[in-house]
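Here it is, the structure, as structure tokens.
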Amino acid sequence: MIVILKSGATDEQIEHVIERIEQLGHSAHLSRGTHRTIIGVIGDEESLRSEPLKALPGVADVIPVLPPYKLVSREAHPDATIVHVGSVPVGGGYLAMIAGPCAVESEERMVRIARAVRRAGANILRGGAFKPRTSPYSFQGLGTKGLEFLRTAGDEAGMPVVTEATDPRLVETICRYADMLQVGARNMQNFVLLREVGQTDKPVLLKRGMSATVSEWLMSAEYIASQGNSQVILCERGIRGFDSATRNVFDVAAIPLARQLTHLPVIADPSHATGRPDLIPSCALAAMAAGADGVHVEVHDEPEQARSDGAQALLPDQYEELFQQMSRLAELYQRRIAGPGDSSGPV
Amino acid sequence: MIVILKSGATDEQIEHVIERIEQLGHSAHLSRGTHRTIIGVIGDEESLRSEPLKALPGVADVIPVLPPYKLVSREAHPDATIVHVGSVPVGGGYLAMIAGPCAVESEERMVRIARAVRRAGANILRGGAFKPRTSPYSFQGLGTKGLEFLRTAGDEAGMPVVTEATDPRLVETICRYADMLQVGARNMQNFVLLREVGQTDKPVLLKRGMSATVSEWLMSAEYIASQGNSQVILCERGIRGFDSATRNVFDVAAIPLARQLTHLPVIADPSHATGRPDLIPSCALAAMAAGADGVHVEVHDEPEQARSDGAQALLPDQYEELFQQMSRLAELYQRRIAGPGDSSGPV
Amino acid sequence: MIVILKSGATDEQIEHVIERIEQLGHSAHLSRGTHRTIIGVIGDEESLRSEPLKALPGVADVIPVLPPYKLVSREAHPDATIVHVGSVPVGGGYLAMIAGPCAVESEERMVRIARAVRRAGANILRGGAFKPRTSPYSFQGLGTKGLEFLRTAGDEAGMPVVTEATDPRLVETICRYADMLQVGARNMQNFVLLREVGQTDKPVLLKRGMSATVSEWLMSAEYIASQGNSQVILCERGIRGFDSATRNVFDVAAIPLARQLTHLPVIADPSHATGRPDLIPSCALAAMAAGADGVHVEVHDEPEQARSDGAQALLPDQYEELFQQMSRLAELYQRRIAGPGDSSGPV
Amino acid sequence: MIVILKSGATDEQIEHVIERIEQLGHSAHLSRGTHRTIIGVIGDEESLRSEPLKALPGVADVIPVLPPYKLVSREAHPDATIVHVGSVPVGGGYLAMIAGPCAVESEERMVRIARAVRRAGANILRGGAFKPRTSPYSFQGLGTKGLEFLRTAGDEAGMPVVTEATDPRLVETICRYADMLQVGARNMQNFVLLREVGQTDKPVLLKRGMSATVSEWLMSAEYIASQGNSQVILCERGIRGFDSATRNVFDVAAIPLARQLTHLPVIADPSHATGRPDLIPSCALAAMAAGADGVHVEVHDEPEQARSDGAQALLPDQYEELFQQMSRLAELYQRRIAGPGDSSGPV
């Protein structure tokens, strides 16, 4: 940690800062420059992180030199983590190809879509039973009924399933049905929920918050890991931007950046990132080319009838075509898409 | 609602759109322009809002003409709502002057700060017992013990108290101690929590999310109101921006804008908006001048010892000076700061 | 300047960094922490600023400790600069109350509006002759004819005038008509234009760019000052944001922040910041309360006929009412609005 | 164009709006909904675009239905435009592989880098002679000397060259040396410069402004085209964001979006978008996968000595490796990289 003093900082103030650093069990290394004095703090940065050194008189700024996360940091764990969603391995050369409707709407439709996306090549099925909706008057999901339909569809099509958890009180119930729990963008800093999913033994799909830095996103993964569950898959899904032409800004650089900083798998969700079926394929391919460990796409067989986000869903045929293109990139990059029953070692 | 068709939309597509609108119980009013055809949809917009009309072939865009919120809308309820926090009226000419430390740290300190801010003129006391922190390794608050200390401090200083709720399972407990529940910026779209606080009989202080539009913020208030609780105070606390010189961007225009759109009181939190004690006073005064129904400021008597956000707290003396300046503006604007025991009619 | 090394930096790399720093005429002060090594660079930071130290192997980050501007810095020049626009003093307790239409449209209208805003209390007249428009098909201004009409209107109403310069080749011409040159938001980093206006003897009104940090804004002022002209007035006019409810986000905190960092006057333009006449008054008052050295407002007597930005203009009556409210704040803050013929010493 | 009236709009106001529309030579088509009245305006939208209809009493909003650009619009010109840079075709299946140093520093270095990037496969050489720098104290480029060195290097390596124009007075001079003129991000809305380059017969590389919407970017291309020069290549180079981990946010979705809206080629600049050599390759590949018509990369042979942006340059070897990977994607996508002397028809 580096403490930068104000240009007019007095000797007394400097001494007070040093004293405080030593009180906290660290040593201080003073460096007087031509215009400014800085103090290098020597010792375990973590224990100092929440101390309000910036509030000390004469202090201009306090600059940490280490990332604030540890368990999820690649610096500490260089090897890629492979997360198993049901029997499907993700990370370390294996791709998560997640597809399915925004919301579970009926058993019949769910099974139909599941079979279609499995046939196209997807290896994990998605479907929302508890939907976080901006309006209290919108369809909020089928709830537990939806979980049942999703499970049935997954079983019929032979795929593990992922669904969103929004209520800490329902995490246990969802765990009975789902192979992976999703924490949505709006809940990325719902620390109560993060702790709850961190206490389960299910992998967690953690979406990036709409205005979260990559570091904050990793801190949320750290929350989950700090509870004992380090089976976390990160998912970039677009950040808020100023151009209303797309729903969000797909921050493709966050994928290689996050993969550099953490050993966890990092995938992309071009459906929410763009909100436009005409841009989803290009962005899905961009994600693959940037090194993503998988792609999450919303698919619906009758978008005009969809009860949530219909306007951004691909048709099964469109998904199949996209999957073919993604496969070719996977091959070029020597990545592998493991089928649900097929988890032999990484390439 | 207006449906704009693509330039190449066929007659068949146009007919299909009209058919669908009529199926949904509305009538369609076609208008063929020189380059584009538009369809005015006549009927209750609300019932159409979640229909994916945009997914129909040939549709370029769907534009709602009404705001998506109703209960909190000023269009529907022109008179300002006065929310009572304990005995303190807020809104309709009455100002909420909320002050206190970021986190409750000890009973002694809490009482000391409570007395100091009450003496300065504050009429509502704040203090966090359950702290949402970016890092799992930071101080997470004293929990129920913190609630007790806060209540004691409020009682000693004769002030109603507000504290943050983060867990739907603890809302009931917090209601036993607090006069107002705060929903923090990170939880603005935690719809589970919004529903839970909407079922209590306590007023709710709803902070704006870091990247929420004013419309989304009002929708979150609508969630609370839709559960039967319309005692909501909105609080602008800064939005995410690109300049790291301040913690957030204080969106002062959101205050008059929100006050135009809703009948609920709208206050400002310059402490989180700027994150810098040297800018808090200017921004507090700006909020007052822009018509805010109150100002929320973090105050700590020993910022260097604070266990959370110490670097952005004002000292009690600084708060007192600021309060004097805010009072002069209140007078100029004919606003009134009701004392806790003093709730005679509005000015 | 502080150089932070990567966690795995080798001794050789560290030595190479030190060598390079010494080659460049500075001394290096090494500080080995528990996890990272940092190097304090001692000497004149300015001369190092453009050296790509970050490109040296083993370097993780390079952190400057001084602001990059000097001539405009308050650290170097603590006293407020008073800029004279014609005979009107601005800064150091004197307010610039600038008003007028977006574009000069005709001599008659220009004179009429000038008289109206002067009567209301404005002390500087604005009007665009060369308009930077997003579309090549929009009205581009009356050009030199517009300059003449503006000058006439200023003379008739007894006010100094400000108009925008967009072309370095026309700066000399504009100087013959105007008392102050405006550099618009879109040209804030048009360094060619900045240098050109920096070589005139006219004060410059420098608008903040739509996505410029406060530091970049001050650097643009530094460009002008570096050419010998330090008569610069800074103007906050809103930054780009994600909420389309307002044209821009009015960054009111940038006003006290900039005033802290520079000795130059800092004013606000709520017309462009909000783009909505219903929000302009609140934001103008917020700016005053936050300490702005003046307010710039667009006024038009027949907005429906305006050839540019009509929808955001105030009517002369609305401006007069707003002016009254701003005056009361000016009084409260002990600021003075000098009339054009009236430049006795500051309060 | 659609005019939406306020909920309380009176019949008189509605009639006044209709009258005004008819005065302007259009017809109005009234549609009274349950809550709001809307008016479809029939006729040429362009001629109405700058009329301040929004300023009419009773009007809530005015919504254009057509994009504001025409010459550059793909709706009007479905076939891809192929721009020739020297003899290198770009667009319509041909890729612009632009590489070179940020600034021209010396003839010797320029020739060396030119040969290296040509050897790697690049087909257009870049190098800045007039550098727009945030600070007046940074290296501003070698000026005309730099143009000479760039030309020599291009000739030696057998490549057409591109360099930035910042001053309208120097456009003619630059045209004598360069095969393509670059308009930088900071000058995207420097309309004076756009008009000037629009009057030359050289192709123009138009970078997207840091906070420009895709529509505004295309409007700037329209400015150039409106002067008679429609040889424009658009370049996405990152937009301003809130996460300081990268220099900008690389908006990869803007590439397919722009390619849908315009017939002009659209390329990417991952060097400025990320500002980090470790992320440039991933983002370059993402751009290719998203359908970009080329990639612009900064290359320097001794980044530690670079006089501008050294920390974001790739080494020639790194560029060569990246080029190999990009070539494989080009092949997969059936795109072709024409050599400078090799402009046979598109694939």
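First chain written, first letter: the chains are A, B, C and D, and each begins at residue 1.
Basically, a contact is a pair of C-beta atoms (placed from the backbone, for glycine too) under 8 Å apart; a residue touches a chain by one contact, two chains touch by 3 or more.
Since the structure is predicted, the reported quantities are computational estimates derived from the model, not experimental observations.
Comparing each option in A-B, A-C or B-C with C-D by residue number, the pair that reproduces over half of the contacts is A-B.
When chain centres are set by their Cα atoms, the one at the greatest distance from chain A is C. More inter-chain C-beta contacts link the pair A-D than the other of A-D and B-D.
If you average the CA atoms of chain A and of chain B, the two centres end up 27 Å from each other. In whole angstrom, the spacing between the mean C-alpha positions of chain B and chain D is 40. Each chain gets one centre point, the mean of its Cα atoms, and the points for chain A and chain D are 32 Å apart.
Multi-chain contact residues of chain C (touching two or more other chains) are listed as 211, 240-242, 244. Interface residues of chain B facing chain D in the complex, by the touch rule stated above, are 1-2, 4, 7, 29, 31-36, 38, 40-45, 60, 63, 65-66, 75, 240-242, 244.
Residue ranges on chain B touching chain A, taken from their complex, read 20, 46, 49-50, 52, 54-56, 68, 132-139, 166-169, 186-187, 189-192, 195, 210-211, 216, 219, 222-223, 226, 240, 303-311, 313. Remark: chain A residues 211, 213-215, 239, 241-246, 249-257, 260, 273-274, 278-279, 282-283, 285-291, 328-329, 332 touch chain D in the complex.
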